[in-house]
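All chains are identified by letter, namely A, B, C, D, E, F, G, H, I and J, in their written order; residue positions are counted from 1 within each chain.
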Amino acid sequence: MPDPKLLEAFPTPTDTPFVIEHVADEFTSVCPKTGHPDFGVITVRFEPRPASAGGTCVELKSLKLYFQSFRQEGIYYEAVTNRIRDDLAALMDPAWLLVRTEWRGRGGIRSVIRAARGPVPGAWAV
Amino acid sequence: MPDPKLLEAFPTPTDTPFVIEHVADEFTSVCPKTGHPDFGVITVRFEPRPASAGGTCVELKSLKLYFQSFRQEGIYYEAVTNRIRDDLAALMDPAWLLVRTEWRGRGGIRSVIRAARGPVPGAWAV
Amino acid sequence: MPDPKLLEAFPTPTDTPFVIEHVADEFTSVCPKTGHPDFGVITVRFEPRPASAGGTCVELKSLKLYFQSFRQEGIYYEAVTNRIRDDLAALMDPAWLLVRTEWRGRGGIRSVIRAARGPVPGAWAV
Amino acid sequence: MPDPKLLEAFPTPTDTPFVIEHVADEFTSVCPKTGHPDFGVITVRFEPRPASAGGTCVELKSLKLYFQSFRQEGIYYEAVTNRIRDDLAALMDPAWLLVRTEWRGRGGIRSVIRAARGPVPGAWAV
Amino acid sequence: MPDPKLLEAFPTPTDTPFVIEHVADEFTSVCPKTGHPDFGVITVRFEPRPASAGGTCVELKSLKLYFQSFRQEGIYYEAVTNRIRDDLAALMDPAWLLVRTEWRGRGGIRSVIRAARGPVPGAWAV
Amino acid sequence: MPDPKLLEAFPTPTDTPFVIEHVADEFTSVCPKTGHPDFGVITVRFEPRPASAGGTCVELKSLKLYFQSFRQEGIYYEAVTNRIRDDLAALMDPAWLLVRTEWRGRGGIRSVIRAARGPVPGAWAV
Amino acid sequence: MPDPKLLEAFPTPTDTPFVIEHVADEFTSVCPKTGHPDFGVITVRFEPRPASAGGTCVELKSLKLYFQSFRQEGIYYEAVTNRIRDDLAALMDPAWLLVRTEWRGRGGIRSVIRAARGPVPGAWAV
Amino acid sequence: MPDPKLLEAFPTPTDTPFVIEHVADEFTSVCPKTGHPDFGVITVRFEPRPASAGGTCVELKSLKLYFQSFRQEGIYYEAVTNRIRDDLAALMDPAWLLVRTEWRGRGGIRSVIRAARGPVPGAWAV
Amino acid sequence: MPDPKLLEAFPTPTDTPFVIEHVADEFTSVCPKTGHPDFGVITVRFEPRPASAGGTCVELKSLKLYFQSFRQEGIYYEAVTNRIRDDLAALMDPAWLLVRTEWRGRGGIRSVIRAARGPVPGAWAV
Amino acid sequence: MPDPKLLEAFPTPTDTPFVIEHVADEFTSVCPKTGHPDFGVITVRFEPRPASAGGTCVELKSLKLYFQSFRQEGIYYEAVTNRIRDDLAALMDPAWLLVRTEWRGRGGIRSVIRAARGPVPGAWAV
């Protein structure tokens, strides 16, 4: 089951603002209605707060294990997206954060969900 | 015939703004002039109102059945686009909504129609 | 319902062997099990018999109308493919004929079916 | 020769602003200097005025015939673009209109020309 | 755990040879060494024996459920490929059968495995 | 109207067999049935006979002018293909020759026609 | 050697602002350091001043010859870009002008240089 | 080990603002945690200060050697990005500078890091 | 330095012939002439001998470490290719083996080298 | 002018047959008729004779300089192709050799020329 305690963070290396983006191409969870697996691509974009303000970055391997913890979870697209956003925001308290989930689709309809925390600059919001 | 009563909505899971996009690659209706079938891709993008304001999201399977109800309908591109916009806006009363329809074309001309409700942010309007 | 009487043929213009290929990107029929629409691409390849042997070619507009006659038919992938092969073979009695149907897929599985009549040269069989 | 009288319009179906885009992949005219044919792709984008203000949309088949009327015309890229813009603006008096012509090129140089009428929103101007 | 009893077959509709191909884009199993998930695309190609010889075809939904039964299984690429080949060959006893598995890769190395039963024609073996 | 007298040839420069391929992306003729323009891509492949046997190659600019002479001609796909094959074979009497015409399509059906003279090696026939 | 006297201009056909873009895919000059040839793609975008203000457009064939005059010139990427910008600005005195040069690269590094004159609208600056 | 002394600069050729972009497709360093090699694409974009203000540009071959000096370095993605930004900013003191690093990924997660100095215009920040 | 002792093999799981392909996208070695790094993609294809004949397959992680051992080696393209072929053939003694190396190129020339052991079937040799 | 004395060869490293392919993306010569530059991509494929039979391979940098020696040469496509074939065959006397030249085209027609020496296996001849 999705486990935010798997997530680890490390101190950001600089006070200068910069933007980090991680794209997980191999995400899978389970549709709570049908029991069939869902497959998606998860993009996480954020700007850590400055190092002097205690800014942190999510550690890459811990992010992978956290994503794997959704594998057997029955959960809707919208809930996956909002949950990842909330768990990562709680972990890092970033300057801003965007989570985008793209789903392969069922019955001929593909979906893309985006959820944010803080003022995402325009170019990053899509 | 297009039947908005097929559409169902569920309460949005959060008060934080987020954006949902559904892309139906397998839409077909009928040209009212020639009787030949039209084939298109329908994209629906919207931001539900906050949960505390009664915001809702269209349910995915009901959206599929609603799209299928156009299969035998004689209807022009512009009318398809405006009708889907109106039916979904009536269902969800979203913060904003964009409907884009892309048509495979006839006689060497392809068409794309976009219709919106509410203030669509620039990045989402194309 | 699929209607082979919609098909028309015209005499091939030459005794020299040549190969004709028609690709219909906008085919749709109905799954007999679920009632949901199926969408596919139909490729027809054939070599007409020589003009002096009474060889004929299927007329393009009649082929379009014939394909449209499957629109409301509940019929499996395999049956669509074999039926088109049989109807076109009966119409033209070609030197050889290949019908390939590619389906957009359901539940994450896409399918391609190929059915032939006569000795299809290797390069054309795929 | 280019004949704007081929163009027909129909009343726009709604007061809500929406955007229509037609892309003609098969445009050809003749270079007035060399007599060789030019091949291009013509994109027309516009927002009709509201229905209550008498807004209209160009009819698709008439647009095709209008484009075909350039087939034997000796005319430069810039003149094609400005002429289509003027003829469509005169027909529809739209809220705004953009015409983009992309040419396959001669002597290793490809060209793209854009001409507008009214305040084209930024996202549509490219 | 992989369960061949999930597989169902139906009688092939014709005596004429034809070729069926199913591509599952959403396959996942587990690496038995590391416990991390593997993601792959499974292609199944076969020619059923003639109807008069008792030829059968695998049913599409049962194939999907069979593939889903690998979801929690710790199993190597080579074993997945050979097992699917054996289970489908046992189900259908086809004229020939090819199973190709393409894996997203680990540590910068992607893999493709192919296993066959019977005389696969050259064009189908790749 | 199509004019084979526009075609010119020059002596092939060598006795060693070699293969020449010309691809014209900007071909247009007129449908004799509807009067609407057809657009296609014409590929010509051939092996000239050896220089010592009087082998010749079609001159590139003359080929362009010859293709342009179809611009106002009402002619079917099959006839275009066979006519180009016959005119080029008469001009060059090559070891072998393949003409392939690919058409953008009408009513959702694209077509490809291939016509040959002499023993086209397998790899070149598609 | 680069020769701006090869450039010719013609009067712009209209007072309405419009945008012209020429893309030369076959540019080559010589690296002054190594003597090896450089290959690039040159994009020129500009808005001519209104016709009533004496606005002009560069003539396409003269632009081709001007670009060819760099063929034997030893010149750096940055100098090519700024020189073309200066020569075209001197020729046309446009409302604005952007020159983009994209180079195939050496030693695993590709380069893109952009130089402008006047207020290039945001959408055109990239 | 990364050696900024390898970097050389030359005076910018003009006072007019212009933008330079270098893309290195063949960057490799070493993961300090696992010892396995990392592979990435490094993009450097900047606007030199005007020539009259002492503006300079990084020399291309020196940039290549500087990038090669990371080959055996154990260093994280974030540190690579910030270090290149700092070294190039120190070398050139540009009007603005953006460094983007795209990494092929490990364990199914790809990463992109962006670090800037000075006011990067919106179109260049992505 | 390239170290074949890093390679490990495991017994093939079946007597039925099957084909294994591994593609390493992140290979790098050093040019012995210039000292600059080379980057390539290595494809290894083979058919293990039957299990009952002692057939084996190369273990994937050991293959990765073996490829990494070329990282600091000064070695030509041809030698890399033949060496990998020899080391893998010595390890597995397969029914047949093909090694293909594709190199990003230097000075505008890209290279592809293929080396084989045993009778590679035609479809696999390219 | 084309200078085969620029070409150098080195002894092939092995007796086992293998295949070498070099692709030069940046070839340019001059059309002898119009004086305009031609741009093409040259592919050279060959199998050296065994080392014990004195087999050699063309050296990569010398090949680059040889290709550059065509830069100012007025020469037709067919002559370029046959000349490169002859010069490389004279240099290496390979088991077989294929030269393919692909040209960007003039007046809407692209060309591909192939010339060979010795028995090129089928898969390599295209």
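The working rule: contacts are C-beta pairs under 8 Å (C-beta built on N, C-alpha and C of every residue); 3 or more make two chains touch, one makes a residue touch a chain.
Just so it is clear, the model here is predicted, and its values are computed rather than measured.
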item	value
Target chain I, source chain B, minimum contact steps	3
Chain pair repeating I-J, as identified from B-C, H-I or E-I when over half of the contact pairs by residue number coincide	E-I
Chain pair, H-I or E-I, that carries the greater number of C-beta contacts	E-I
Chain A-chain G separation of Cα centroids, rounded to whole Å	44
Distance from the mean Cα position of chain I to that of chain D, given in whole angstrom	56
Chain G, residues touching no fewer than two other chains	25-26, 36, 39, 104, 106-108, 122
Residue numbers on chain A that touch chain B, as the complex places them	76, 78-79, 81-82, 85, 105-117, 122, 125-126
Residue ranges of chain F in contact with chain J within the complex	12-14, 16-26, 57, 60-61, 63-64, 67, 121-124
Chain C residues within the chain B interface of the complex	25-26, 28, 36-37, 39, 68, 71-72, 104
Chain I residues within the chain G interface of the complex	36, 39, 104, 106-108
